[in-house]
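One structure is given below, represented as C-alpha cells, and several questions about it will come after.
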C-alpha cells in the first residue's frame, strides 16, 4: 500500500480520481485538498462516495508528504507551485494542461502566456501509455492528457503505428463532447435550459488540445473542431484522414487489431449488425476503455477513424491511474476494471 | 393597435412575452427594459427573435407612457415600485408573485416578509381566466399566475365547478417540472452535468404556489410536492383528490367536458389507445393549452387529476396575454394560436 | 382559398405539414390520407392538433381532386403512382426522395435500383427556393428536399454565390442530427434506452442526401458524415471547405450577408458574446429559419461553414410550404412565421 | 468458485446480471441462454462486455447442471417450466414476477390469470434482504423483486421497523421512472422522439408491483402512481404517509439511521446544503445503493419518504446478487462495490 494525496479534489477530475483511488487495492488516500471545500465531507461534493469514505477535504497547507501526489488543479495553477509540490512526494501526476507540452515556446503559443516554470516542462512525461508506456514506467513526473487529444491520438494510433497514414493530407478531427468536459464550475452556457439539447460548435479552430496531437505525431496540419451535444460524460472523435496509396481494408483491420492487442484498454468496435456497430461513448461512462473504429472509402483513400471515450476516465482520471499503475510496477489495469453500463 | 412595454424583459418570462407580443396583431411593443442588458439587441438574449425585431433593451428610467405595462421582474421587485409603475400605463399586468395573493397576512406567511405595498393587493385581480374571466375583463390591474398553481388549479377545476370534490380529504399535488421554471439565472444545481437526468424532489412541503391554490378554492389542506425532471419547458400536476360518495365515471367525464367546452385553452386528453393517452407537457412547448385528464378508482373514490402545461406559456406569459386580450375586449385566443409541436 | 390534400399524413413530415396547412390563411385541408390510420382522428396520431381540427385520416382511394397535392409517403412509394397522383391535382409537391434527382442514372446509383418513372424526373423542380426561386414559381411539380442536403447546401450557398469556394479541395460535411430524422417508425436503435445520450456516427460515407448536394453545385468531391445525437428535432451541418487564395474575412461577411438579405428564412449568426454565438438547431424547433455561420482560418484558407435547421421544417415540411407559397404567388413566408422558442 | 447460469440473458436484467457475475470473485458464469440470440457473442448484445468475456449465448436445451440458476425470462415464462428448472441447480433465483407473491389468489388478482405452478409459490422466498435477510440465507429458491416495489418498500422500511407509521391513513407512492424499466423490447411509446422529454403518468392505479408492497407490510391501502420521465436508469419513489401522533423529527432521524446502519446498501441522504440534498437516482446508475430521505410536516403528521434506486441494480440484478451472496454465506456486498458516478 502506498499513500496518495489529491490536490484540488473537489472538481470533476478530482472526484473521479477519488472514486478510483478509494477502491484501488494498492493505494491509501491520505488526503484530498480543496481550497473552497476544506472541512466538508468528500461525499457532500461527490455524492456517489457517501458511505465509501469519511474523508474530509483538507487545506493544501496541512498536507504531509506522501508517496504520490495527484494534481487536479485548474489549468495554470500547478505550474507556479511545482517546486513546492515535488517536495511533498517523489512521484507527481499532474492532470492539468500545465505540463503536457515539452517546449516552452509551444506552450506559450497555445496557451497565450509564458510558462511559469519552463525548466520543468521536459522533466514531465506525457502520460498516455498507449503512446509510450516505457517512458511512463520510469518516470517520476507524469502529466495528464487532454481528453480531446486522447480521443484524437487514439483514433489515429493504429494508422500511425502501421505507417498507413498519408502525410500529404491534413487531419481533421470532428469531436463531439458532453457537458462534464467544461468542469464543475457553471457558466451561462452550461445552465440547463441553455445547454440541454444543444448541437453547439463552440470551437472551429485553435482548441488547445490540438497541440498535444501535433506533439504526439510530429505533424502540424491537424484541426480539432469541437461540438457540444446533450450528454454529460463522453467524447467521440470522428477523425478524417487520408491513407497511403495501395492501403487495403485488410491492412486497416490488421493495424487496428494489432494496436488493440497491444493495449488493454483499446477495443475495436466495427460490427455489421446490432445497435452498437461503432464506438459509442455513452456505454463507456465510468470505464477506462477507448473504443476504436474506422470506415474506409477506397476510391478516395479517405478513412474516418473513430474513438469514443469517457472524458473523465480515459480522458483524465482513468489514464492517470493507468500511469500510476505503470509507475509503481503494478498491473496496468489495477483498479480500472469497471466495464461500463448498458443500457444507460 | 395599442402600445405595450415590458419591464424586466431579459428573463425567460420576459422573452416569451416578447415573442408573443411581437406577433400579436393588436399590439406594438414600444419598449423592453432590462437593467443588465440595456443597449443590447433583444435577439442577442432571446436568439429566437433574430430577424423578427430590431428592438434593443432599454433602461427603465427612459420608459414613456404606454397603454399597457407588463412587469416581468424578479419576485419582490415590483411591489415597492408599483405606485411609479401605474403612472406609466392605465393597465398593468404583473407576472411576478408580488400581487397574486389578496391578503397581506397571507402574503407574509408564504413569502416570509411583509408586503411593501399591502394596499395594492386587493386592487389586483388574480389573472387566471378559467377561474374568473369576468373579473379580468373589467380589471385595470391583473397579476400573473404561478405555473405550479395554474397546473394544480386547472387539474381540480372540473371537480370544483361540478361540486364533485369531497372536502373531507386533503389534496396532494405531485408536480413534475422542467428546468426553465427556475428562471434564466443559473445556480450550482442548474449546471448541466448536475441537472441532466435528475429526478429531484426539491420541495416536499411549503412551496409558495400552494397559497394560490388555497386562495382559489378556499381550502387549506393542500400540499404541493415538487420534483424536477429532465425537460426544459413543461410541468405536469398529478393531483390526488377524493370525490364525494356516489360520483361516477360518467359524472367525471361530464365535468371535464363541460369545463373544457367553456374554456378555449383547456383540452381533455383521455385516450384508450395511442402514445399520448394522458396529458403530456412536452407537446405543449410554446402553446397556451392546458391539457386535462383523470383516472378514477371507484372503490376508494380516489381521483388522480392531471394537468399538463408549458410553464412559460399557460403558466406565465401565455396566460398574461390571454388576460391582455380579455382586458382589451379582443378574442381571448388572439396571438396565442401556436398549437405546439409533435414530435419534439 | 385553395384546397389541399396530404397523402401519407400519419408520419412526422405529414404531421408537420398538417400543422402548417391547418393554420395557413390561404389553404383549406380537404383530406389527409393514411393507409394504416384511416378512420382515426388526426389528433390521435398528432396530439398537438387536438382541438385544432376534427379531420380524420381517410383512405387514398376516396380522395377527390384538389388544387394541390402533397405527397408525404415513405421513399420509393410515390414514384410508381405518380401518373395517378397528377390526375388528382394540377400541382404536386412530393416530400419523399423520389423526385429529387434529375437523372435516372444518378437516382439508380444512389438509391440502388432503377427509378420506376424515370421520365418524370425532369418534370420535377428541386424545391429549395434559396437555390432557384424562379424555377419553383413556375413549376407544377416540385420535389421536397433532403434535410441533410438542405443544411449542407445552405451552409455552402454564400460561398458558392460569391464564388469564394476553391474547387481544388474536397468538401466535408459533418452533420449532427436528432432522432426525428429517422421517421415515426421505431427500430431497435431508436428504443429510448439505446438512443438516449448517443453520439453515434451511423454513416461515414455514402449518405443518399449527398447526391442532392452534388447536383446542386455540380461538384463530386462531397462527403456527408452523419452522427446522431440526443435531440428530437434539429440538424447542424459543420461543413469544411477551402476558399480561394486571397479571400478575406470581410469577403466572407459580405457573402453571408448578401445571401441572407436575399432570402427571408436565412439568418447569419456569428456573435462575439452571449450563449448563442453560432447556429444552434434547438432554438429552431418549429421554425422555418436556417441559421448560417462561419469560422475562417486565414492561414490554411479553411472555412468551417455552419447551418442549423429544424429537419422537419426547413428540412422538409417548412420548405414544402415555402414552395407552395411561391407556386401560388403568395408571400413566401405565409404560414411560416413561428419564430421558434427560447429556452427549449 | 461456484458455477452459475443465466436463463434469458439477452434482456436488460440479464445483461446486468452478466456484468455483475463476470466480475464476481466467487462465481464462474457457465452459460447464458437466449432463445433469440443463441450463437451470438454476449458482447454484441451487451456492448459494455466487449473484451470482458468471449461467452456466446447458448440454447436453453443445452444447459448443463450448475450450482445456481438465475432466471431472467419475461414475466410469465418461468412459472410453467419451474419443475424442469430446479433439476438444473440446487439453488434458483428467479428475477421475473412469477414467484414474488406467496398466495395463488393474490397472484391471480394482480396478474389476471391463474398461476401455472401455484404449489411453488410458497417454496420461494421474497428476495429483498432488507425485509428478511435470514430467510434468504437459508433459502434454495429466491424470487427477485419488482423495482417499484423495492423503492416503495425501502422508503417505508424505517417507519415500519420503528413502528412510526399511522395505519389509519392510506399510503400513496408517486414513482418516477426511467425508460429501462420497460425492458429491452421497444414499443411505439419507447421510440426516442416520443419518449424523449416525457412526463408521462402511465399508470394511476393498479400497478402490479403494488401487490409486493401490500404483501411486505400486510396493508391494503397502498397506491402506486407511475410517471415516466427522461432518464434511462433510475427510479425515485416519493411516498406520502402519515405517522402516529407524537412522532418527532428526532424519532424519524433515529428510525432512518437505525435502518441504514443495519443494511449495507441503504444510505440516508438528507443534507441542508449542496446539490444532492435528497435521494437522486441518477448518481446510482450501476450501484446497488438505495438512498433514503424524508421530509416531515409536523402539523399534519405527513411524511414524504423518498427512496432512489437504479431499477436494474437494487431494483433487479443487484438485489439478486445480494441474495446470492447471502445464500452462499459470502459477504453481502461481494461483487457489488461499484459506487456509482458523479457527474453523470
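Every chain is named by a letter (A, B, C and D) in the order it is written, and numbering of its residues begins at 1.
Keep this in mind: contacts are C-beta pairs under 8 Å (C-beta built on N, C-alpha and C of every residue); 3 or more make two chains touch, one makes a residue touch a chain.
Everything numeric in this text was worked out from a predicted model, so none of it was measured.
Relative to subunit C, the most remote chain by averaged C-alpha coordinates is D.
In terms of C-beta pairs in contact, the better-connected of the chain pairs B-D and A-D is B-D. Subunit D has its Cα centroid 35 Å from the Cα centroid of subunit A.
Mean C-alpha positions place subunit A and subunit B at a centre distance of 46 Å. We define each chain's centre as the mean of its Cα atoms; on that basis subunit B and subunit D are separated by 38 Å.
Residues of subunit A found to touch two or more other chains are 12, 180, 184, 188, 193, 196-197, 230, 232, 275, 280, 343-344. Of all residues in subunit C, those touching subunit A in their complex are 170, 172, 174, 176, 188-189, 193-194, 196-202, 204-205, 221, 223, 225, 227, 229-231, 234-236, 238, 240, 275, 277-282, 295, 297, 300, 302, 304, 306, 308, 343-344.
Those residues of subunit A that touch subunit B in the complex are listed here as 12, 178-180, 184-188, 190-193, 195-197, 230, 232. Residue ranges of subunit D in contact with subunit A, taken from their complex: 12, 15, 19, 23, 44-52, 180, 184, 232-233, 267, 269, 271, 273-276, 280, 283, 285-287, 289, 291, 337-344.
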